[in-house]
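I'd like to ask you about the structure that follows.
Chain naming follows the written order as A, B, C and D, and within any one chain the residues start at number 1.
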Amino acid sequence: MIQHFPILSIMSLFLGSFLIVIFGGKNRFIRNSLAVLFSAIPLVLICCLIKPILIDGEIFSYWMGDWEPVSGFAIGIGLEVDALSLFFALLVVLTIFLAAVFSLKYMSRDDALDKYYTLFLMLGGGVLGLVLSGDLFNMYIMVEILTFASVALTAFRNWGKGSLEAAFKYLVVGSIGSAFILTGVILIYAQVHTLSLAQISALLATEGLTPATIFGFALLFAGYATKAYIVPFHPVAADAYMTAPSSISMVFSGMVNKAGIYGMIRLVYMVFQAMSQSAMQYIIVILGCLTMFIGVTMALSQHDFKRLLAFHSISQIGYVLTAVGLATALGISGGLYHALNHTLFKGLLFLCAGAVFYSVGSTDLDKLGGLAKKMPQTTIIFLIGAFSISGLPPFNGFMSKWMIYQAAYEKAALEGSFFYALVTIVGLLVSVLTLASFIKVTQSVFFGQLAPGCEKAKEVPFSMRWPMWLMAILCVLTGLFPGFVNRYLVVPASAAAIDTTGYIDAMMGAGYGQQLGLSPETALSLEYELTGYWDPIAWLVLFVVLLAGLMISLGLGKASRGPVRRPVPADPKYDTFFGGEASQHSHVGGSDLFWGLKHNLRHYFRFMHSMHSGVVNDYALWTVAGTAVIILFMILFL
Amino acid sequence: MFKKIIDNSMAKSPWIYHINTGSCNGCDIELVSVITPRYDAERMGFKLTGTPRHADIVVVSGPVTSQSKERLVRTLAQVPEPRVIVSLGSCPRPCNVFKGSYSVEGPLDKFCEVDVSVAGCTPKPEAIIDGLALAAQILKEKRRQK
Amino acid sequence: MQILLDLFYVLIFPGFLFCAVVGLLLAGIDRKIVARMQKRMGPPIVQPFYDFFKLLGKETIIPHAASRGVFIAAPLLGLVSLVVMALFIPVFGFTAFSGVADLIVILYLLTIPAAAIIVGGAASGSPYAGVGISREMVAIVAYELPLIIVLLTVGKKAALDGGITFSFTEIQAYQAEFGSMLSHWSMIPAAVAMLLVIPSEVGSHPFDVAEAETEICEGPLVEYSGSLLGIYKLNHAIKMFILTALFAALFLGGAGSGILIVDVLLLLLICTVVTILSMSLPHAISARLKVEKMFKFYWTLVTVLAVISLVLVWMGF
Amino acid sequence: MIIANYIGAVLLMFLGLYTIIMKKHLIKIVMGMCLMDYGVNLLIVSIGFNPGGTAPIFTISELDPGAFFVDPVPQALTLTSIVIGACVMAMALSIVIKIKQKYKTLDAGRIRRLNG
């Protein structure tokens, strides 16, 4: 029974989407319960798979309609679930479920919600199908489904500013990427005459890479990079994340770009086994560094809450990519850990943006302010998310970033290459810039003076708050118990990423790889030693002890001083100090912050601004040019 | 003991916030000269602060003009207790030569209780330091009485 | 017993009480030295203690516009993270809690007090604070780049077999064996860069753009009063101790004498010298920089110094 | 003969890319996307083509090891890809209609409210 769970979880999402089309149009209750039910089923099913796959290390293979390989040739369409797939699948189902719950209230003011949930479940099915699939063409189909659904969902609030144009740009760039993927698939097929990932991997490893396969590989790589929105394919992502409803933005950054990352990991590590070549490592790390730096600097100059978060999404994907490109055990683990953390904290932050939009009706940083007094819980949740993404200990972002820095600097020492030392510096710098841009959001949305127009803001209802709280708690827990997360989630997944032989054998029958002359040992060992120390639990205990001590001493201090009084209205004593003038609305908005930085880097910012021109032709040009550079690089150096 | 340390510290670390309510700038210059190397009021812990929230001693110079009255009252209210108000020069209390002017609302006593008054037009720095030292002692007394 | 010892570590010796006293003393020494350099008498060395206790006795006002919880929690958060840092930084051979943190952790922990000032300032709802936090953040970005490079340089230099290390224990072991980092000529530019980073990290005079009391009314601290302000002042003092001790651990470390008291006294001596060199001297001789000038200064001159060291170390010197 | 197919496919793809990048009219951009799709589809069927092969339709009894037929998989892939292409076109055109209603223009250079 349990080997049917992967296909059942995919099918339940698609089935749910069809059922909502049929039954969900009339009755609100049926629609909502169908949406929650069919997004909860995959969560349960995938969680059942944790025990056999992540803990016992099995690999599930499943041939649709029992079309098993005939005389060593895969003729059917297969699902293959190893720890890497399941790791990403867990992210997908968690995101889908929480986003569905959040949507119930958040979307309740829109109409045509049956279409929304249909597309929503379809998007989830597409991503889940992609990460569980063991078939190259099937992956393409799923990419198309998810692109289609995400375009429609981006345009869903078509009354909003720019959502239509964002959807159109997304569609154009997305279909260029899909066309590249399809061309790549077909070029690979022409070489090896099979579509099963396992068999392609085995055949390519024995036959070696020919120029045609490298060309196909480069196209596939660029295509999945388009889906992961790394630089230079990223501008559409910023538009789409900004204009889509927040629950959808969370899904985009939580799993859609993870799908692209998954595709890239699968391709470079397993199908083409190219990561042992230093040229491949260099290009991935360079792309990753560019992505994280450009993403974060663009975020610094944004003045829309969600657009800023979107650029951070891009930047954090850069971290993941850099770490994965290091091709060391610590690197892969750090990258996957960061992918997990990114899903948690970025989903959280997008939900916060959604909550702000729900109660105020705007996400413009220059129009908001002082919401902390109206929405205290959202503020705390936002601060947790912001500290996590900026990597302040003991939140989860710190743990994964710390692993990434160590991996990068160790790699530098190992290879004696100064380049990787620079990568470490860029990574640390980007982290500070991330903090800076979240300070900007904190100041201009939640703190400062209450902006006109925000007076009526209320805390969002409970059904929106609890998904946020759940993710916030997960953020803290994954930061506090990194050993647990590493042992049960990240290390199995990274082991699976590099265990090519096991993957091939599970799919094609034991010993298939050896018959073709593949050596059974894996290229990398997963034993890694950290060059530093970090024990969050000890730190937490200290923290609690100290905080308690401080509270007590403050309490004692109060006795000698009288209590801290609550502000009395209409007493000028409690007014903000304005140099003697009467209090008035004078809020330092988001775009007025960081003057010294912006002034010194003004040429860079101006250049970047003109690059993100908003014209769809330009974005298509960046996509094609980026692909061309990748193809050229791979053909020359691989 | 804790209380006693705090009481004693009150007199030894008075931070000053300076309000100009229409002064001719003479007293202000003299106040600044108090913290220069020659007179060095910092040796007694005096320090000029930038905001009334940090202040212990508020130094007011100039007759209270109608433009500055409202600002003066508001700023004085924003100083945390215990606080001491010092009038600097001849203007704030008797209004000096500006008395009777249509735009002078003074004297300062109308708006708050003045603890120390340093007279002179302008007062010598030595006199200002003397007044501030007295103010510091009054601060300690106020704290003790509370 | 172990718990009592840990409590002693946290609350008394390398922890709260010790670093508070030493920090306040260092702040006092700094003020005295600056005054003497300007031919003044200067306040007594214990003046920061008076300031701190006085602030404890003052009324604490929380304005209308402030978000009460964050406004109160922010300074405490900064204090806690500073005390935690004090437990991790080794005093020659001795660390209260070894094996729980490393260079990168310290780098991130150092941003928490600054973030606490920023969040507290933002929560106070004053426009002066808004300008102040903007400047503070630019300052953080400015000094963080050279600081990162300095730490990575030390991490590379201290590793023995061509690898890297981020561990304080290994850095101390290296210095015990091969002499302090400062005795290697390739590390001198990094040490100078670190000396230049310290004043802006502390928020000492030429680089105190965020708290410019003459322009923006103390910036983020504008609405703070009473004991909360006192905690910020304490944070400022402790930060002086932490950073000078960090300098000592990174560049002037070694085995020490083996007797804890002597080691601590030696550390205090080093801290005082570093304070005078890196904070009092610039304070006395220069006026406050503008924020964009400061940014430029750190991203050009100081970064270049740090990079010179990094390249030298990578070349094997 | 088959080489003409390949050349045609590549030409179509490049023509499509050229149209997407250079033409400012939204409808033309959608047409470029179509062209690119057709190019890829042509490439797929050409790759599956064996000169002289028969159609891949057999019953079990007819199937013998010597049978020479064109590869059926790419044809199936082409069908799928055409269907997907049609969906994407429909979506693109409907978005274009909405854009025209809202922006009153189809000039890509003027549809840039989201930038920077």
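One rule holds in what follows: a contact is a pair of C-beta atoms (placed from the backbone, for glycine too) under 8 Å apart; a residue touches a chain by one contact, two chains touch by 3 or more.
What you see is a predicted model, and the numbers here were worked out from it, not measured in a lab.
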item: Co-neighbours of chain C and chain B - touch as defined; value: A
item: Pair of chains joined by the greatest number of C-beta pairs in contact; value: A-C
item: Between chain C and chain D, centroid-to-centroid distance (C-alpha), Å; value: 62
item: Approximate Å spacing (C-alpha centroids) for the pair chain A, chain C; value: 35
item: Geometric centre distance via CA averages, chain D-chain B, whole Å; value: 82
item: Sequence positions of chain C contacting 2 or more other chains; value: 56-61, 128, 217, 222-223, 226
item: Multi-chain contact residues (two or more partners), chain B; value: 6, 51, 53, 78
item: Sites on chain D at which at least two other chains make contact; value: none
item: Touching pairs among all chains present in the structure; value: A-B, A-C, A-D, B-C
item: Residue numbers on chain D that touch chain A, as the complex places them; value: 13, 17, 20-24, 26, 29, 33, 36-37, 40, 43-44, 47, 71, 73-74, 77, 80-81, 84, 87-88, 91-92, 95-96, 98-99, 102-103, 108-109, 111-116
item: Complex contact set, residues of chain B against chain A; value: 2-3, 6, 19, 51-53, 68, 70-75, 77-78, 146
item: Chain A - residues contacting chain C, complex; value: 370, 372-373, 376, 379, 383, 387, 390-393, 398, 402, 405-406, 409-410, 412-414, 416, 418, 421, 424-425, 428-429, 432-433, 435-436, 439-440, 442-443, 446-450, 531-535, 538-539, 542-543, 545-547, 549-550, 554, 557, 560-562, 564-567, 569, 573-579, 583, 586-588, 592-597, 599-600
item: Complex contact set, residues of chain C against chain A; value: 7, 10-11, 15-16, 56-65, 67, 69-70, 72, 76, 79-80, 83-84, 87, 97-105, 107-109, 111-112, 115, 118-119, 122-128, 130-131, 133-135, 137-138, 140-142, 144-145, 148-149, 152, 155-156, 159, 162-167, 209, 217, 222-223, 226-227, 290-292, 294-296, 299, 310-311, 314
item: Residues on chain A engaged by chain B in the complex (per definition of touch); value: 556, 560, 562, 571-573, 575, 577, 579-582
